[in-house]
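Below you'll find a set of structures to go through.
The same subunit A turns up in both complexes below, where it pairs with subunit B and then with subunit C.
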Partner chain A sequence: MHDFSLPIGPVNPSIKEPACIQLNLDGNMIKNAKLNLGYAHKGVEHLLEGKKIEQALYIAQRICGICSFCHSNGFNQSIEKILDYDAPKRVKYIRTLVTELERIQSHMLWMGFMFHEFGFETMFQYLLRDREHVLQLFERVTGGRVHHAINKPKTVRYDLKKQDITFILEKMDLLEKQFKKYFGIIKKDGVTKERLVDVGLISKKRAKRFCLVGPTARASGINNDIRDKHPYDAYPYLDFEVIMRKKGDAYTRLIVRLLEVLESIKIIRQLMKGLPEQKIPEAKLIFIEKGMSTSQVEAPRGENFYFTTIKNNKVDRAKIRTPTFAVINILPTLLENRPVGDVPVILHSLDPCFSCMERVIIVKDKKREVIDEHTFLHKYCDHHH
Partner chain B sequence: MIKKSPWVSLVNCSGCNGCAISCLPLITPKYDAERFGIKLKPSARHADILLVTGPTNEKTKHALKRIYDQTPKEKKVVAVGNCAISRCVFKNGYNTKQNVDEVVPVDMYIPGCPPITEAILHGIVKLIGDLDKGKKSKA
Partner chain C sequence: MGIKKEVLKNLLKRPSTSKYPGKEIDPEDRFRGKITFDKKECIGCGLCRAFCPAECITLTWRKKKFVVRGVEHQKIIHPIHKIDIGKCIRCGLCVDVCPVDCIWFTSKFELADKDKKKLISKM
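This part shows the complex of A and B:
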């Protein structure tokens, strides 16, 4: 057998984002894998420093295009915690509505690409076709298809109208009908099972060790749903169940996400039913002398953690821990002793989002290191090829 | 340059994904770019048009240059989104220092954060249309 080193990326057809996976092969089997990251690093945390709160909210939304609202919601929540402000119930309901719509949208995109990875193009087209219904709802409720700039400190920009509610409920009925059909297809289809069952197995012990979050962890039997454990926004008023499975392979992750979409539809129906008649407050400029707080939100991919300190009405430091950062670390170990053909399936079953994930961590033991811009670029950002 | 059925490839240079998922509905039933002969291809080696999204950072600019060199000789580059045009919110970032048109020559700019899918489709169709017109005026 010959030994090969095979780089996948940085621009590759399997993932739509720049990242490089280096595989060491023994024939067709992977001996070990290495992640080469930094291709999507933009230095968002550094950009947030010194910005006013309204400006920072604008940047926070642009950390990721798929879970844009969750980032703005996380940042917003930390600001509201500093102000010790409890938003009106209607505002909370609208925020929860957008969060759940975003979860449906993200899971549908993920599922579509999961099927695309092993060549089930029909399902890919079905799912992306139905995703347009959700995007239509976004355009109606928030005004944007991808970045929904609906959040403001203390309030939201747009109120829901009565005709919007009927429109949302109509679309939810349509989606539920479609998803029940897809669930039937996934349960029966032989190729799907052949490619996904027992691929990328993560046991509960391993999931705990790698600190996995979100649907990936829930497929391995760990409940760490922030909506359930630390309810925020309108979640305390809602009745929903956390989808959990035990096996932890790619197929279970698919099932968990599919059931989560159905659960989100259930949540949205409850939201529309219990939407209180209230006036939403006007957006006003926020002034904070000094403050520090943390916040957690459940993004489509898992827990999104924000740590924010503010000085003189400007962001002093923002530490963001995104769910994909926790999940991607397990990838090299999952790839070991698998054939090359499994790489797209395993990689995609973890739902990677590199634009969320690319953060710089510099750990120094005791000695403090001060780095100027040039050496930082030379050390951590340069292209080494 | 192929004038009737150009193949399109997507290059993401450290964008936020917004423009990439705005480009993706091009191949889905609602927008269906194949009506105009446009096909989204995974490999840049087969592409006639490159859709470039996102600001280039210190690492991706080299990758973008290499991909530009790998595409067949007659090609068009479309900068999709505000980030590709002027880096949008990432303008003052330490790692995002160059616009796409400072790395490779760009033929068309589609503004928006992110641009709607109709706008991207309109841009590509217009690019093909312009190629056709150029051919007629020469003949």
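This part shows the complex of A and C:
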């Protein structure tokens, strides 16, 4: 048998984003694989430098189209940490509501395209049809279907109206009914099981070695949910369960995400029930002379990490670690000894998003400087409180 | 069995999509669509341009006459001139920051055009 090298991409490698997967084949089986990134680099971290805090908040939310609120929330949280400010409870509840709605929307889109990858077009259409309900909610609550722009430093842009709450609860009932139906279909369907069970297996040990995050790690039995480990916003007041499974194949990842949607619906019901009657503060311009902080939020795909330094009310440096970048590194090892037909399923089961994972590391003169927090404070923020 | 039930149900249902270009769609109240402004009301403070993260607002200049103790004076102010809708990210900072509320969101969302120059909104 001849050996072949097969490049997939960089134009639309089964998903609608640019990346190149180079496969070395032995017949139909993949011997080894290599992932080439760098086709969608936008330079967002550099774009943030030198911008005012209010401006940077809205540039940060443009990093990703699907988890846009989580990016703005991560940046906002680091700003509020520098200011030592605790937002009112109602503001926290509204932020958590948008986060959870975003999780539902993201998981539905992922699930739809997962079915699309192996040709279950009917489920794909059903899921995208039902996703429209969540987008309608977004349009009514935040004013934007994709980029919500509801966050502001210390507050939120819009308050929830009484008719909004009933509208949200109606839609949640509808979604829960549909999802229970879909759960039954996925459990019984033969094609789904044939294509997903034992494909892309990640053991717990391997998941720890590759530092996986989010639902991908939770499907392998690692609890790294930021909502549970380091609760932020309204999560300390809520009662919810972290969905975990042990097996770690593509089918388990599907089940984990599906159950997470049902859990999110439960959380939203709790939020609407316990929404405190308060006036949300008016947005005012803020001023920070110097400061540094970090923040973590749980985006639909996993942990979203922000490191921000501010100088003279402008962003000096923003380092962002997106969950997709943490997850994609395991892809070449998963593809080994699998047939070529499994590439779309394995790639998509990791929930990749190339527009938010593209980062650049600069090594100047082959020197690496390791900085701990103490030396950083002395070197760059000498008057830090 | 679940999928067969759903298919049979959909045979009797009306389509969930609407015939879009023929039928008009009403966005919600809070929808952030195309940005418009009133040039006459603008006092030329320049806050909108200073705060725009996408740098899509351009200012112009105009002479403004005013009378103090019967003597006519002139001064130059810089009111808002045009907004590049192609660059605008609809964050709403200019709307929030404007002291005289002369910039606002409309519910217009059909903004795609083949010509880039047509995306610039002037008054």
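The criterion applied here is as follows: the second predicted complex is superposed on the first by the 362 of 385 C-alpha atoms of A that agree within 3 Å, B and C clash if a C-alpha of one lies under 4 Å from a C-alpha of the other, contacts with A are read in each partner's own complex, and residues count from 1 in each chain.
Quick note on the criterion: contacts are C-beta pairs under 8 Å (C-beta built on N, C-alpha and C of every residue); 3 or more make two chains touch, one makes a residue touch a chain.
Model, not experiment: these values are computed from the prediction.
Visitor: Answer with first, second, both or neither: which of subunit B and subunit C does A:R157 touch in the superposed model?
Guide: second
Visitor: Where does A:Y237 make contact in the superposed view: on subunit B (first), on subunit C (second), on both, or on neither?
Guide: Neither subunit B nor subunit C is touched by A:Y237.
Visitor: Go through the superposed model and pick first if A:I185 touches only subunit B, second if only subunit C, both, or neither.
Guide: Second partner only.
Visitor: Examine A:R129 and indicate which partner it touches, taking first as subunit B and second as subunit C; both and neither are also allowed.
Guide: both
Visitor: Can A:K52 be said to touch subunit B (first), subunit C (second), both, or neither?
Guide: Second partner only, subunit C.
Visitor: Touch check for A:A283: first (subunit B), second (subunit C), both, or neither?
Guide: Second partner only.
Visitor: I'd like to know which partner A:S355 touches here: subunit B for first, subunit C for second, both or neither.
Guide: first
Visitor: More residues of subunit A are touched by which chain, subunit B or subunit C?
Guide: After superposing on chain A, more of subunit A is contacted by B.
Visitor: Counting only touches as set out at the top, which of subunit B and subunit C does A:R140 meet: first, second, both, neither?
Guide: After superposition on chain A, A:R140 lies in contact with subunit C alone.
Visitor: Mind working out whether A:F167 is in touch with subunit B, subunit C, both or neither, as first, second, both or neither?
Guide: After superposing on A, A:F167 lies clear of both subunit B and subunit C.
Visitor: Once the two structures are superposed, pull the subunit A residues common to the subunit B and subunit C interfaces.
Guide: Overlap of subunit B and subunit C footprints on subunit A: residues 58-59, 62, 129, 132, 147.
Visitor: Per the contact definition, I'd like the list of subunit A residues that touch subunit C in the complex.
Guide: 51-52, 54-56, 58-59, 62, 122-123, 126, 129, 132, 139-144, 147, 149, 157-158, 181-182, 184-185, 188-189, 283
Visitor: Show me the residue ranges of subunit C that touch subunit A in the complex, using the header's touch definition.
Guide: Against subunit A, the touching part of subunit C is residues 1-3, 6-7, 16, 27-28, 30-32, 51-53, 89-93, 96.
Visitor: Hey, which residues of subunit A end up touching subunit B in the complex?
Guide: Listed in rising order, the residues are 10-13, 16-18, 38-44, 46-47, 58-59, 62-66, 68, 109, 125, 128-129, 131-132, 145-147, 353, 355, 358, 373, 376-377, 381-383, 385.
Visitor: Once bound in the complex, which stretches of subunit B touch subunit A?
Guide: 10-22, 24-25, 27-30, 42-44, 55, 57-60, 62-63, 67, 88-90, 92-96, 113-114, 116-117
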